[in-house]
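In what follows, subunit A forms one complex with subunit B and a second complex with subunit C.
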Partner chain A sequence: MKPIMEPKPQLRPVISWRMKIPWTPILFLTPAVIAFLLFKYYPLVQAIYMSFFDYKVIDPPGRFVGLSNYSYLFHSSEFWNALRNTFAFFLIYFILTFWVPIVQAILLNEIRFANKTIRVLYLLPTAVPAVAGFLLWKWLYNPDYGLLNYLLEFIGLGSFGWLNDPAMAKWAIVIPGIFGSGMSMLIYYSALQGIPSENIEAAKIDGAGPWKRMISIVFPSLKFVIGIQFIAFISGVFLTFDPMYIMTGGGPANSTRTLSMLVFDSSFKEFRFGVAGAISFVMFIIIAVITYIQIRVSRTD
Partner chain B sequence: MRSNSWLGRRMFIAVVLVFVLVISACSSGGGNSPSTSNGGTTPRATNDKPDDTNKEPAGNSGEGSGPIVELTVWDAPKPEDPQKSLTEEVFSEFEKQNPNIKVTHELMPQGTNDREVFVTAMAGGNGPDAYHAAHFPIIGDWVGQGLALDLTSYWDSYADKDQFIESSLQAGTIDGKVYGFPNDMYVTGLLWNKKLFEAAGLDRNTPPANWDEVISFGKKLTNTDKKQYALTLLGMEWADWWFEYYVWQAGGDLTELQADGTVKLTFTDEPTVQALQYYKDLKWTHKIVQNNVLQSYQDNMNDLFQGRAAMTNGASGSFGEYAANGLDLNDLGFAPYPAGPSGKGPSQIGGAYWILNPKSSKEKQDAAWKYVTYMMSKEVREKYYQFQMDNGIFPNLLSVRKDVDPGQYTTNVPQDLIDGVTKAAAEARLEYYLKERLTPYVVKAVQQALTEEKSDVKVLLQKAQEAAQKEVIDAYNASVK
Partner chain C sequence: MAARSRIRERGELTVRIVSYSVAALFIVVSVIPLIWMIGSSMKDNISIYRFPPTWIPQTPQAVTVTLNYDDTDLSKPDEYELDAMKAIWFTWKKMQNDAIGSLAITGVKEGIVVYKADMPSYKFTAGRPEIVPTQLFNDTTIRNKLPIIRERGLTNFEWMEKGESYDGNTVLSPELPELSTAVLSKFTDSSHITGQVMDIAEKKDWRRLFDNYLVLAQFAGGSEGSYGFPHFLMNSVIVTFASILSHLIIGGMAGFALAHLVRGRIGSGLTLFFVATIMIPEIAILVPLYLTMDKLHLVNTLWGIILPHTAWGIVIFLFKGFFEQLPGELLQAARIDGASEFRIYWWLIVPMSAPIFTVVSVMTFIAVWNEFLWPLVIARSPSVWTFTVALNDFQNRQSMGANVVMSSLVIATIPLMIIIITCQKLIEKGVSFTGLKG
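Up next is the complex of A and B:
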């Protein structure tokens, strides 16, 4: 015989769960989620799907080729060259540009005089259309009539090939990036503003010098923002296309041809949309792996 | 516990959402599969089976009765086009003659370049019913992608078909089928600034006749103090375009189309090696070209316009542009290219075709054919030439139609330019076969020769050939066999 007061544990929690569906946030979030899925994930899934076909744009999907497009990639000198160039750009961008806004923000944080004006001045160049900026730099680099060679010749440092020199072209493409970091600087500056001034003052009283304060207080406070910025930086560099396309077209001798340029060329010059899909997927994997490592390292820290 | 359970539900919902997305993505791709499109509302791509679908040439969509057929064509004149008024008159005349055909003339959408915009629009099902900028080197690839309708049955029953010059049809005829209706054509040649020749002590009317004279003339025309140089080279991502002229001058080509349809690479043949060595010597040994060898085509032309370059490549259809940029055509010379070791200097024929959209309905294709034949009719072409002559606009000196003679409308063009174009057109050829696929390999070798002084051209071309053979040619030849 069963006890009379047998509990009915199933019913109440279900009702409770149903009652707690947060409809308002769902309502507000749904359009954004749908847009995100539609414009981010759908193209990704479509690119993966395309990569298994000799894709025909007019009568998709064309002939199923299995992993042939991937096999082609791994035997293609163009792919390996573009992959090497992409990693080289990643390193050069990291060396030349990633730290710049951090330093700018730290210095700006110490300045009280005309602080707002300087912030605006840093931010203004971000309003210049990127394409116009790259064209301007292309003219500056012109070995015959460019301003840079004119100035260098004037002070006796000779002239350089800049974008014409395969050894120099990558660096020349990245150099404009040093000056275009206003938005990142502002993000770091905001993070610095969040550090309680009491901590800094206490450190000063305890005898901590500027370097010690930087290592012990400022950097730990910025670590999270730097991590987020680094993730954005990784995908930004791997997907960058405009500067190479405008300034060198991938040359000289394919020395600035990156994976993103290879995707464009494979699609619209060679009509190998399946290969373009395969390259896109490989890029996705690379970015995902590096981002994952970065997140793991951040968590460990 | 409770939060974990809530998290689990959220995870479940997220997984379901992603799954639904994947399914919808896959089904969407499948929805565009040939079986669906053939059976659905979208008309079948008629170039799959041209004999079945095109048996009836131009239909009666232009006659007075029947439903109205609406066409979209990307040929609206830009606001600044000096021929806008004539073009609008020509459009309205067509609609008057064909009351059942309504043509919407649109400007081409903006994009990175015209080819990308067209292909993207076609892929999205928004392509025009007729398109007039299928360039000679690209049409083969577009046909391969199914972007152009097989026009053979239309062409065979076209009354004026014999009025088009044969070379204008060459690139648009693939495997014996006509895919392109010639729209315009140009021939390239050596373009020089007569004033700079005179200033250098050279005869203003005599261009260099061979490679040796290019160098001897070039040394006189190069003046580093004035930042003036003799000859432009094209070293950017289209570097193979101008380089192939030098290969022709040396007696070779970059590819050979075999009788069975396969392609043989000739990058390492003696004429190609000779041409690249000469190209390299112009830059590094003789120093008579621009330092910025990677500059764009437009930058090269700007150097000519601004008197910095004495010689460049010109095209018969661009004299109007040269005049518009401040050049006096009386100070401009045009002639066939200097002869290389082969004793010849062939010019290149280029141009563009009209193509029809294979996805349009049969009625639209018939109407589009009618529109294209109207736009390329003798009457309309002559109207344009007459308008250009009356308004001081420089005409294209090469017509795709035999029965339209541009020579009758050239009162404002110096006779020696007309003679130069005629001579250049006497020996002209198409760009090398499979150019669109092979460009990256050729360009890499050319750019290395132009940017690395110690490079060995034989090694560069050998490497380019090996890579192109493995990555392009082997697969291409296997597909055509």
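Up next is the complex of A and C:
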């Protein structure tokens, strides 16, 4: 017994010592872990924590107010207006922009000649930095000197108020998005390249014409990508801030003030950080819920 | 195949026609604003606000005025310089509702050219708020402003020590073009200018089409410590490249560790820790992130803009995905040879993984170059503005016409345009990485 037992106590500590502290992975991962903790998780927790306080920057965290920031939100017409606007924007973006890259990609798939050139040209509007694009469109919309009203008058459609018209401002903000979809188009297009050519050949032999093939084979094969893109689309649209801030600043008559603008204004204009934290948390919950539903639905499909 | 493709299917032609025309429609409609942007960026301050708008900018007119100093008691160069400045700045200020490309004055005394002075329109635009803020003119104004004009090099003045003899017109031609007539009337109305107009001429100068671009650089060194557009572009370049570098180093190492060094429950837990942050919306953590930066004393620094970019879940996700595909045998072989993980990473993995590093660089470039909200929040003082924040500020500046704003947009577009055209393939690759797996 003894000779067998003896080496054990010696070996064990050595092995477990080596196993316990894997220095290399720790060194490789530490910078990233620190960065993510500091710039993602800590702020997220802080946002939720803040929402329970009448937060003071000078003397944090200020007075504990429980849920009154939330009850303030739910009783303020501003919040409901912003929530309504956010969902309205979501719908308008969906109607005007979501389908565009899908159609572009499916049709591009039929194009052989100059295919690459067209891909470059589709990407070209993406080269205009987003902020620059919004400023450009603001200038195009200008009711006095803008090109758009001039062109519309030229073809006899009359001029519009665009960004100055509360009924129209939302649509005017979304329209530039129609042309900025080059990247999503490429995502769909690269997905289409993965369709096995046998499927298409088989459909051909079955007598399906090109239009029929498009509907029965090409489009269904995109379903998965469309699902993923839709999740990204939801959160992207929900958080959109730049075009509203740059083109209208929330006006006219608060018709383009969304939740994200409300977060910005309540924190950096009104300095009500607690309220901003509460709105942030509500947004986070809404997005999480929508994404969860979407994932569930696409799984059952 | 060739024979078969000649036998057309039914509907093939319509598919083709529809495909091409839809593509053409989208492209034309999306390129029109870009052409309009470039055209507007070359317009002068007046025609930019004209309705109906024109597509092609007018070539600006360079006006040359010859002043006669016979029978005047000016003798010192300084006195002539003052007179030339009055002639240029006062006349131009009165004519700011006309489009002048440049204004040049030639001073002649007793048949000899004594000085030449000229100013292009971008320098007038840049100096106007400081030199001639009002329509009120007198001798003391220009005497006080002369040091500023000299210091900022707004107006060229060349004193002709050994003047050549003047051999141009000495009598005004009876039929002058429209702009020259207007300039002439301002000279004859003025009581401040000593010299008498002897000749006036105008000619088109295409170089002045690009003056709006030059105005952008001229804002630097202005009175209120303002910065020129190049300064903001430089900030953006620094922020973008620092972010790319941080992704390549921090993200690459973490991705490698997740792919090859950590396994089992800890590995998947860590992966989730990183990748789940993709779900955290930027706006939701905006305020606490700002307060964190405030605690670290990084508000109003470029570091404050850069550091949060070190934590992008998608980057680690991409690196991990790529490194996992690398053949494990190579790693094993290197380990058996006794190479440390650091050596393996730097000398084996990194050289093999050029595609993923370039893809991440390009994707980061596009995202960070475009970024607006975070710099807007964290960069409170103009010295650390990125160009996106500056552009947003430009649209509210009174002194900046829409034509100058348009030219700043054109300049801001160029870097991204170069990246997109040259890196088309990489972008497509990156997009299929992110789009299909994410």
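Here, the second predicted complex is superposed on the first by the 254 of 301 C-alpha atoms of A that agree within 3 Å, B and C clash if a C-alpha of one lies under 4 Å from a C-alpha of the other, contacts with A are read in each partner's own complex, and residues count from 1 in each chain.
Here is the rule we use: contacts are C-beta pairs under 8 Å (C-beta built on N, C-alpha and C of every residue); 3 or more make two chains touch, one makes a residue touch a chain.
Please read all numbers here as calculations on a predicted model, not as lab measurements.
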Simultaneous placement of subunit C and subunit B on subunit A, clash or fit: clash
Subunit B versus subunit C as contact partner of A:120, first or second or both or neither: second
Which of subunit B and subunit C A:21 touches, first, second, both or neither: neither
Partner chain(s) touched by A:205 [first = subunit B, second = subunit C, both, neither]: neither
Subunit B or subunit C, by number of subunit A residues touched: C
Which of subunit B and subunit C A:253 touches, first, second, both or neither: first
Subunit B versus subunit C as contact partner of A:239, first or second or both or neither: second
Touching partner for A:268 - first (subunit B), second (subunit C), both, neither: both
Which superposed partner A:72 touches (first subunit B, second subunit C, both, neither): first
Touched partner set for A:150, first subunit B, second subunit C, both or neither: second
When the two complexes are fitted on chain A, the stretch of subunit B hitting subunit C, from 42-50, 78-86, 150-158 or 420-428: 78-86
Subunit B and subunit C footprints on subunit A, overlapping residues: 33, 41-42, 46, 50, 57, 60, 142, 144-145, 245, 268
Contact set on subunit A toward subunit B in their complex: 17, 33, 37, 41-42, 45-46, 49-50, 56-61, 72, 75-78, 142-145, 161, 163-166, 245, 248-254, 257, 265, 268-271
Complex contacts: residues of subunit A adjacent to subunit C: 22, 24-25, 28-29, 31-33, 35-36, 38-44, 46-47, 50, 57, 60, 100, 103-104, 107-108, 110-111, 116, 118-132, 135-140, 142, 144-147, 150, 179, 183-184, 186-187, 190-191, 204, 209-211, 214, 225, 228-229, 232, 235, 238-239, 241-242, 245-246, 260, 263-264, 267-268, 273, 276-277, 280-281, 283-284, 287-288, 291
For the subunit C and subunit A complex, residues of the former touching the latter: 9-12, 14-16, 18-20, 22-23, 26-27, 29-31, 33-34, 36-37, 40, 48-53, 249-251, 253-254, 256-258, 261-262, 270, 273-274, 277, 279-292, 294, 307-308, 310-311, 313, 316, 340-342, 345, 366, 369-370, 372-373, 376-377, 387-388, 391-392, 394-395, 402, 405-406, 408-409, 412-413, 416-417, 419-421, 424, 427-428, 431-432, 434-436, 438
Touch list for subunit B against partner subunit A, complex: 9, 17-18, 21-22, 25-26, 28-30, 32-34, 37, 45, 112-113, 115-116, 119, 122-123, 141, 144-147, 227, 235-237, 239, 290-295, 308, 358-359, 436-437, 439-440, 443-445, 447-448, 450-452, 467, 470-471, 475
